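Alright, structures below, take your time with them.
You will see chain A twice below: alongside chain B first, and alongside chain C after that.
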Partner chain A sequence: MAQALRLPNFIELKRSRQDQESNRRQWSGVKSLQSPAWLKEIYDRISDLKKLKEDWDSYGGLPVADEAISRIRVLLSNLDIEDMPKPHVAPLPDGGIGLHWRVADRDLEIEVEPNGAIHFLQTRVGGDSTPGDMRNLKEVQEYLDWALGK
Partner chain B sequence: MAFSFVPLSWSVPHFGAFWSELRKDYPTFEVHSPIGEFNVEFNSVAPGAIVNLPVRCWFKSDQSNRLIQVQNNRFFHNWRRPNPTAQYLHYGELKPVFEKEWSHFCDFVQRYDLGIPNVLSCEVAYINHLDRNLGWDNFSDLSRIFPSVGSFEGKNFLKKPETISANASYVMAANEGRLHVVIQPAIRQLDGKEIIQLSITGSCRPASSDANELMRCLDSCRGWVVSGFDDLTSPDMHKIWRKK
Partner chain C sequence: MHQIHRDAEDINDDDLLLRRITPADHTAPQPDGTRILTSYAFRERSHEFSMYVAKEVTREKVLSCGFETQEVVEIRAGDVRGLGYMIVRDPDNCDDSHVFAKALAPKSKGQIHKDCKALAEIVNFRRATQA
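Coming up: the complex of A and B.
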């Protein structure tokens, strides 16, 4: 005799049922701009970076590159960031963008270069920092999961 | 377009057998979790053994513009524009394809002694991505697209909202079914662009599972979707979308 176990879809529980159904049925993927709650604010912050003119930092900082903005938007829309706290967003002098998360004793900095290349710096408070490159979304996700202690 | 039906005794091998018959037109597949609630069944004799693992399979056409989705109680056929310059396929062109694939599916389940699908619901869904800066700039500007939607701005204290989402359902004539409208601020994962996703879905319960009745229901759903879209959206936006 078989036993039936009803499993909730844990990942999707946070979204409303209608959003969930609507998004899962469709082919071209979308991510709700309302979850996590900070996403819209961060998106606007990234858009505002486009307004920076050359020498925005008075040290010859370059304007933020469109490619960096586009790349970071695609990252945020494709990563599982539901449990992440709001990141700190900052322009980089070379025209890239940096995202910084601190979760408990873990620091993760992700830098997107003007050409879209992604680097990271992984640090534990009181420990050494580890820099490296990220080649794809899967690798970025792994470091985000590390920051959350998953 | 989709039908949902009383669950069939459809199991994992049937996906492969069905795909082998479709593979010429739908050469690639993806495996996803099913739509709706589902059960995972474990054998009580060997508690660790899963005896029923519910999945939904996608079978994709070689041009990546058509998709068949199958699970034990649903059958979908989706179309999407693979790139902005590709020809738009209208309902009149897609319905015969759906009819043909559904007929094939029914034939398959009968050949494999799975019975005849007892259809509970017919559905036509249109999903529109309304790009930011194409007729609207802020998510609080919903009334520019949907004149009947309010601003949600407070009388004194609250300013314009950062985002607005909305769900509405309408009863179709003669209580035949429902039209569901979902407006959702979203990001398109392909390019990271901000959009308003407008989903309009007509669903109705057919009087029988006869092919003619099912196609009539699809027509009815589609009629409600088109009329609903025209009725809800502003003439100014219609002009912009026509130009696009």
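Coming up: the complex of A and C.
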């Protein structure tokens, strides 16, 4: 027996397209869901820092603290960093972790202490530096935006 | 007991001081392929940073007291003093030329961070102008 010709269900097809469009609009403004290509590499680097033993710097540096690792992961996963270049990640001698960006003449160092406290150093290359504390994600975001010249 | 430290008068401002760094941790790669020193290169737990007097020791000797992955950077004693530090002699297990920079007056963490950045930028500037 000949098979019946199967036509697409145009009503369902239209509904499906409407759902996709609605979904796209709903999430397109949430930048933090867009991960930069370098993020996995940076997470791997942060994990590697956990292997450092005391005196890793030959000056008595402490191992990186778990609290600093978890805090910096939370930071990176909640900030709008899609347009940022890859940061340089460094262990700090007190057990903290530092992130460093230089974009043209704007230089930004963000440090997470072993207890999770966050500090920054904002520098114009060839000019003065300003140190300070960061109390929330919004403040961190503002300095990242400054580094990008936004 | 509170220890009194003195600036080493026999170390001139033009004398070079050597410091071990770990390039993977203390230098940041740039888009043009060069690497720049970050403030982390001068940071220590004690907030005083160790160096060796270049005229009294070889780079090889300084490196021999660290790790294979380390390198040496140099900074003028006058640059360190100019930021408000004295250079204190402190012979250590590695070499008698060991010194450390100690702030003349108490400094906040943020100020020390700023000073370390200034030293790193001096090294970067000299490297760039010598290249």
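Criterion: the second predicted complex is superposed on the first by the 116 of 150 C-alpha atoms of A that agree within 3 Å, B and C clash if a C-alpha of one lies under 4 Å from a C-alpha of the other, contacts with A are read in each partner's own complex, and residues count from 1 in each chain.
In the analysis below, a contact is a pair of C-beta atoms (placed from the backbone, for glycine too) under 8 Å apart; a residue touches a chain by one contact, two chains touch by 3 or more.
Keep in mind that what you see is a predicted model, and the values were worked out from it rather than measured.
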item	value
Partner chain(s) touched by A:43 [first = chain B, second = chain C, both, neither]	first
Touching partner for A:62 - first (chain B), second (chain C), both, neither	second
First, second, both or neither for A:34, with chain B first and chain C second	first
Which superposed partner A:53 touches (first chain B, second chain C, both, neither)	neither
Contacts of A:77 with chain B and chain C, given as first, second, both or neither	first
Touched partner set for A:138, first chain B, second chain C, both or neither	neither
Touching both chain B and chain C, residues of chain A	none
Residue ranges of chain A touching chain B (in the complex, touch as defined)	1-7, 9, 16, 18-19, 21-22, 24-34, 39-41, 43, 70, 72-78
Chain C residues within the chain A interface of the complex	20, 22, 25-26, 28-31, 36, 38-40, 43-46, 49-50, 65-67, 70, 108-111, 113-114, 117-118, 121
Residues of chain B touching chain A in the complex	2, 32-33, 35-44, 51-52, 67, 76, 78, 80, 125, 127, 129, 139, 162-163, 165, 167, 180, 182, 184-195, 197, 199
Contact set on chain A toward chain C in their complex	56-62, 85, 88, 90-94, 98, 100, 102, 107, 109, 111, 119, 121, 123, 125-126, 129-132
